[in-house]
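Common to both upcoming complexes is chain A, partnered first by chain B, then by chain C.
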Partner chain A sequence: MMKKLISILKNFILNIPNTLIKPFTKIGFLASLFAIISGILVGFLIMLVVNTPYAGGGLMTIFFGGFNKGLTSIGDVLIYAAPLLLAGLSVGFAFKTGLFNIGVSGQMAFGAFLAIFVGVKWTFLGDFHWIVAVLAAIIGGALWGLIPGLLKALFNVHEVVSTIMMNWIGVYGAFVAYKAAGLVGSTTQNAQKVARSGALPAWGLDSIFNSNTINNGIILAIIAAILIHIILNKTTFGFELKAVGLNKDSAKYAGINSKRNIILSMVIAGALSGLAAATLYLNVTGETYKIETYPIEQGFEGIAVALLAYSGPLPIIASSIFFAWLKVGGDQLSGWGYDPNIIGVIISAIVYFSALGFIFKKVVKKIFKKHFGGEII
Partner chain B sequence: MEYIIEMLNITKKFPGIIANDNITLQLRKGEILALLGENGAGKSTLMSVLFGLYQAEEGIIKVNGKEVKIENAKDANNLSIGMVHQHFKLVHNFTVAENIILGMEDTKYGFVKLDDAINRIIELSERYKLKIDPYAKIENITVGMQQRVEILKMLYRHAEILIFDEPTAVLTPQEIGELIKIMKNLIKEGKSIILITHKLNEIKAVADRCSVLRKGKYIGTVDVKDTSPEQLAEMMVGRKVNFVIEKPELVLGEKILEVKNLTVLGAHSHKPQVKNISFNVRQGEILCIAGIEGNGQTALVEAITGLTTIHEGQILLKGDDITLNSIRNKTLGGIGHIPEDRHKHGLILDYTLAENLILQSYFNPEFQKHGFLKFDAIDNHGRKLIEQFDIRSGQGVKTPARSMSGGNQQKAIVAREFDRNPELMIAVTPTRGLDAGAIEYIHKQLIALRNQGKAVLLISLELDEVLNVSDRIMVIYEGELVAEVDPKTTTENELGLYMSGSKRGVLS
Partner chain C sequence: MKKIIYSINHFFQKLSRILTQNKILYIEGHTIKMFNRNISPRLFKILFTLFITLLIYFFLFIFGTASLFFVLRRSIYIIVPLILVAFGGLYSERSGIVNIALEGMMVFGAFIGIMFMVKFQDSSLNNQIVYLIGILLAGIAGMLFSLIHAFASINMKANQIISGTALNLLAPAFALFVIKLMYGGEDILFRDDYFVRDMGFLTKIPVLGPILFEKGYYSTFYTIVIIIIAGIFLYKTRIGLRLRACGEHPHAADAAGIKVSKMRYLGVMISGLLAGIGGLLLVVPLDVAYRATASGYGFLALAVLISGQWKPTRIVVVAIFFGFMLNLSGAYLSIGFLRDAGLPDKVYSMIPFILTLIVLAFTSKTSQAPRAAGEPYDPGKR
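The block that comes next holds the complex of A and B.
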C-alpha cells in the first residue's frame, strides 16, 4: 500500500511537465507546495487551540469555501485574484530586474485616484470611458513608480526606502486629494463609486459565473502576466532587464545602461500596480476605495504572491488564484465562530515557509534520495 | 610500502557528469605527491572527498592503513589532514597569532591564553623555518607571509598530511622559491604533502611522485625524477603539448591604443590606484603589463574599458579620443575585454551559456528582430563557439554558466571576445586557473590575433606567460610603470625584482 503510494507520488513528481513550471525548478515547485501545506497546518493548529471541536469544519471551509456556491464562488475567487495577480506581478517583475518594489500599495493608491477621478467625472467619454479610466490608473501607478526609479538611478537611493515612503505619501495624499477633487463618497471614509460607463465591463463573465460583481479584471490581469512573461523571456529588453537584475557588474561590463533599465523597470512595475488598482476599484458593486490611514493591503499581499511563485509571471497567475481561494474560504470562517483573519495568519505563515525555502529544498532532496533513489534538480 | 593515505577506487557523480571515475590515490609517508590535472579533471572533487565536503558513491579511504569515514572537515582535522587553500581564509584585521588559533582557542576563566599560543606558534615557526611575526596584522603582511600563516594554522592543528591547493598562483618567483624550501623542510620533519597544481616546473622542483587525472579518470602515477615535463603534460592533456610558442617576426603597425598621463583614484579612498601612466599599443604587438596582483592593474584596465571613472588623462583608440565614451561605444569601437574576474564581470552566472555568448551582441540584427530575441540563431551561435573553442558543458548551449567548471567558463568568455573580432584585445590574466591545454590554446589565439595585425594588451601575473607570449613587457608597481624590458633579453629574476619594487628600470 505504502509502496504503491510512494510510486504514485514518484511518478507524479517526475511527470510534472517542465513547461508548466518553467521558472521553477521541480524542487522549487515542491518547496512551494510544502510551504503551502505547512502554512495551512499552522492555521489549523490555531483553530484547534481556539475552538477544538470546530477546527475540522473550519479547515474544510478554508479548502472548499472557494467552491461551495459553485460557479459563483469561483467567480468570487477570480474577483479577489485579479488585483492580487497584478500586485504580485509588479513585485515579481521588479524582483527579476533586481529591485524590491514594496511600493505597490502607494502605486495602487495614486493609480486608484486618477482612475476614480476619470471614472466619476469624465462620463462624456461614452464607450471609451472605462478604457481611459484604466489608462489613467496605469499612468498614475507608473508615475508613482517613476519617482523611486529616478531616485535609485540618479542618486542611488535604495528603492525599499523610497517606495515605502511613497506608500505613505499615497495614504495621506489621498486625504487631501479626494476632498480637493470632490470625490468623497457617502461617508468620509469612502471614495465615490465610478459611473457605470467607467466601470470595467464583464465581457460575459457575469453570465458564466452567475455573478453581478465580476468584471474583466481577471482577463486583463492574465493578459498582463502573459505580456510580462514575453517581455522578460523573449525580448532584448527583458534580456537587459534580467541581466541588470542578476549581475549588475556584468551588465555594466556588457555595456547595458543600467540606469535606464532601473527607471523603466520601476515604471513598468508601477504601471502594473496601477492596473491592479483599476481591477480593484473600477466597479459599481464591488470594492470601494477607503480614504483611511493604512495603505492598500493588496499591495503587500502581492509580495506573498510573488514570493510563492518565485517571481515567475505565469506561476504568479496560479499563486494569486490560490491566495484568493484561501481568502474566499476565510471569509466564511465566521460561520464556525472563527475570525476570518486566520487566513491572514495562514498567508503570513506560507510566506515565512517560502522564505525558508532552502530548508525545504534540503529536506525534499533528502527524502527523494532516500525513498526514490535519485537526484532531483 | 607504507601509505599514510589511500583513496581506493573513488567514484563521485554529479548530475550529468562523473567527476571522479574509479580514482585511486596513494600518499606515502614523508613524500610530496603532486596531483596533476587539467581544469575539470576532478582534482578538487577528489580533495573535497578526502576533506569530507563530498561523500563518494563508491570506494574507500584508508588513513594509516585503517579504513575511515570522513563526513566533514572536522573528521578530516581529527585525522590530521589539513588543507592550505588557494584563496587564504584569514581575518584581515586580526593578528597572525589570532588567525592561527581561531576556532581552537585555549581559554582560562573565559580569557584567551594568547601567550601560550604565541609561544607554541614561535616554536612551530622555528622548527619548520616559517618566518612570521605573530603580532603583525594580516592586512599588513605580504601574500607570501599570509601563506605561511595558513601553513602554520594547519601545523598548529597537528596536521600530519598537508594538502596545498595551487599554492604558487599568487606568489612572486622569489616567494615561490621560499615556498619550495618550506615544503622540503616539512617533509624533513616527517609531514606528508599532496600538492595540487598544473605547473609542471614546480612538480619537477619539489615532488617525489605525481598522480595524473584526466576528465575524471585516473591516468597513472609516475616518479617525477624519471619523467620529463613533456611526458607529464602529455599524460595530463592526452596529446603532445607545445611549450615553445612560435611567433613570426614582429610587424608593427599603427598605434591602436594610446594612454596618456592616466590617473585613476580609488573608489573609496582617494589614494591613486594608477599614477600618471602613459603607454601605447601598436598593431601587431602583444604588450604585456606584468606585476604582482593588486598593483593597479585592475584600475588601469577598468579605466580603459570604461568600467571606472578616470581622474586625469586621455585614452585614444585608433587616434580618436574615447576617454569619456560609454562602455557600449568602446565595445563596438573595437575593444575586446577578457576581464580579470570572470564571475563579477565576465559572465552572468544564472544565464545559460548561449546567453552569455551574446552578452555584448544581443542587439545585433543577427540575434533579434523588432526587439524579439531569435533563439534559434542564438543557440546556433552558441553551438558554433562551443565547437570552435571546445567549451565543455553538461547540457550544451542550455547549461547555466554557474554549473560550468572555471576553465570552461573562461573559455566561454575567450570565445565570446575573440568572436567579436576586436582591433584591441585587452586580456586580463586570461589563463588564470586554466590547464596546460587551454593555456596553450589561449596563447595561440592571442598570438594569432597579433599576427593578423591586431593589438593585444595582456595583463598577466604569470611569469611564464609574460616571457613567452609578449613582444614587449612593462612592469607595474604600486600604480606606476616602473620598467620596460624586452622579453628576449630579460630574466625571471630581473622581472621579479621590478615587480616587487626592489628595482626601477628605464621607460622609453
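The block that comes next holds the complex of A and C.
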C-alpha cells in the first residue's frame, strides 16, 4: 500500500510540468477561454449601455484591480480564492461521481459551527488547536454530506432535493445551535471570533504578501485539489467512483458496490465543503460567520467555479483564482460609478457560455479538421 | 345532503385506493400490511386510534386558542405561489428539460412586476388593475427570461443543470445591478395596496371561501384558475399529451410527427410564465420591499415537484402540507401548545425541511421522473 502510494506520488511529481502544460493545449481549455471572453464581453456591453465614457476604465479595473496594490491585492485574491476553490472542488468532485451537490452551503455551515466551537472553546490544545479546529470542520461537513448520501443510496432520494433541504436545516439550525453553545458574538447576527491559537497560521505568507489577513488556507486548498486529482485519476477507488457516476447499473454489473461509493463520494464532497468553511472562518481579522436567514453564498459560487473548470480538480485551482480576481477587481468598480453586482452578471454569463461549450467544441473540431486535417482532443 | 354523503364516500374510496396503490396501508388476504410489512390487527388498531386522537388534539388546540382560519389564511400566501412554481417545473420537466432555474425566473418575474407596480401605485389607475397587469408582466418577463435556458438546452444541447445554474446566478445579480442604477438602494420599497378584506360572492363559498378569499388577494383566485387550467391542459388536451411524450420518449414522439424542440420550447416557456407569476405573488404578501431574492422558494418548489413525483394532484397535496408547515414558524405563537413548548422559533422553520426528508425517504423508492428529462434530444442517436 505504502509503496504504491509513494510510486503514485513520484509519478505525479515527475509529471507536474506535463500536467501543467497539457490542460492549455486541450480543447476544454479553449472552451473555458471562449466562455470567459464572452462573459466579460457581456459585462462590457452592459457597462457601455449604462455609462459609455467610463466603460473602458471599468473594464481595466476588472482586469487590473487584482494588482493595483501590488502584492497585497494578490494576497486578497488568494484569501477570496481559498474557500471558493474548496467549494468548487466539492461540487466538482460530486459531479465527477455523478452527483449534483448544491448543498455546499449547508455542509459549510455545519463545518463552520464545529470549527468555531473548537476554535473558541478548546484553547487548551495549544499548538494543535487550529489543526483540531480544521479537523472538526472537515468532520462537520462530512456528516452533513453523509445524510444526503445515505438517503440517495438507501432510499433513492434525489440528492438535489435532499442537499437543498440540508442547506435550509443548516441555516435555521445555526440560530439555535450558536445560541445554545453560547457562541453568539458582539451582535446577534455574528458568531464569535476564534481564539488566536485556533486561527489558521500564515506560514510566512503574511510577510510575502504584506497582509495581516492572509493565512495558509490557499495552501491547504491547493493540497486538497492535488489530493482529489490523485484520488480521481490515479487510484482504483477514484476509478470506481467515476464508473458509478458514468453508469450506475453497468458499474454494479462490473462488481462495484455503487451504494457504498455514492455514500463515500457525498462524504468526501461534504468534507471538502467543511474545509472550505475552515479556510473562510478560522481567522481573527477576516470574514465572520453571519447568523442570517440565507445560505452561505460561497457555496453557490462554488458551483460556478466547478462548472467553468469542467469539474477537473486542477483546473478548479485556476478558475477559483480567476473568480476571486474578478471579485477583487469588481469591488473597486464603484470608483467608476458601476455597481459591483456587474461581476455577478459576468460570472453568470461565463457559466452560461461554458454550458454552450459542447457546441463550441464541435465547431472548433470541425474547423480544425477542415484547415489542418487533424484531430484536436 | 345526499350529495355531501356521496362526496365523502367518494373521498374515502379514493383515499383507500391511494393507500393501497402506494402500498402504504392495505389489506392482503387476512393480514393488514403497512409499507410491505405485516402488522397485527391489534397494533393497527392502536396505531389508528393514536393517529386519530393526535389529529383531533392538534385541531382542538389550534381552535382552542386562536382562529384556525387565521393560520390557514397565512399559509395560503405561501401555498399558492408554491403550487404555481412547482407546476412551472412540472411543465418543463414533463417536456424533457430539467429546470433548476425556477428560482432565477421567480426573481426576474417579480423584479419586472414590482418595478411596474411601484411606478403606477400612485397613479389614478385602480389598484387591482395595476396588480393584474403587474402579474401579467411578471409572467411575460419570466417567460422571456426562460428563453435563455430554452435556447441553451434545446438548440445548443447544453448541460441543462449548468445553464439553469447560470440563470439562478444571473437573475439576482442583474436585478440588483438595475435596482442600484435606478433606485440607488439595495431594494425596491412598495406599498401593499392590493389586499382586500372581502371578495364578494367568492367569500360566500362554505369553508373554502373564508380561508381563500377573505382578507386576501385577488391573485389567489387567478392562481386557482391558472392551476386548474394548467392541470387540464397538460393531461386532457392533445398538445399536453404531445408535450409529455417529448419528456418520456422523444424519439418515439419525433417518429409520430411531433416537433420535439417546439414542444420543449413550449414547456420551458410555460414554466417561465408560471414561475414569474409565482415570484411576484410570493413577494407581495410577505414583504414590504423587493430584495432581488426568492428566498429559496424556487428550490422548495423543485423539492415539491420531486416529492410530488411529477404528478399534479400529488404536487398540490405536497405543496399544501409544505406551505402549512412552513407557516408554522410565523404562526406558532397563536397556537397554544406550541407557544407553551418554549422552543426557539427557528426550530419551527426547520421542521418542514426535516419532515420533507423523512417523507421523501419513504416515497422515493420508485421515482417516476420523466424518462428523458435532462437529456438533450439528438435525432441521430438511437
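Quick notes on this one:
The rule we apply is simple: the second predicted complex is superposed on the first by the 339 of 377 C-alpha atoms of A that agree within 3 Å, B and C clash if a C-alpha of one lies under 4 Å from a C-alpha of the other, contacts with A are read in each partner's own complex, and residues count from 1 in each chain.
Here is the rule we use: contacts are C-beta pairs under 8 Å (C-beta built on N, C-alpha and C of every residue); 3 or more make two chains touch, one makes a residue touch a chain.
Note that the structure is a prediction, hence the values are computed from the model and not measured.
Touch criterion met: A:246 reaches chain B, while chain C stays clear of it. For chain A, the partner with contacts to more residues, out of chain B and chain C, is C.
In the superposed model, A:356 makes contact with chain C only, not with chain B.
In the overlay built on the shared chain, the residue A:347 is in contact with chain C alone; chain B does not reach it. In the superposed model, A:236 makes contact with chain B only, not with chain C. Using the contact criterion defined above for the overlaid structures, shared-chain residue A:254 touches chain B, although it does not reach chain C.
Once the two complexes are overlaid on the shared chain, A:191 sits clear of chain B and of chain C alike.
Looking at the shared chain after the overlay, A:263 reaches neither chain B nor chain C.
By the touch criterion defined above, A:156 reaches chain C but does not reach chain B. Interface residues of chain C facing chain A in the complex, by the touch rule stated above, are 100, 148, 152, 156-159, 161-163, 165-170, 172-174, 176-177, 180-181, 293, 295-296, 299-300, 302-303, 306-307, 344, 346-347, 349-350, 353-354, 356-357, 360-362, 364-367. On the chain B side of its complex with chain A, the touching residues are 15, 305, 307, 326-332, 337, 339, 344-351, 355, 359-360, 362-363, 367-368, 371-373.
For chain A in complex with chain B, the residues that touch the partner chain are 234-237, 239-240, 242-243, 246-247, 249-257, 375, 377. Those residues of chain A that touch chain C in the shared complex are 46, 50, 100, 102, 147, 151, 154-158, 160-162, 164-169, 172-173, 175-176, 179, 293-295, 300, 303-304, 307, 339, 341-345, 347-349, 351-352, 354-359.
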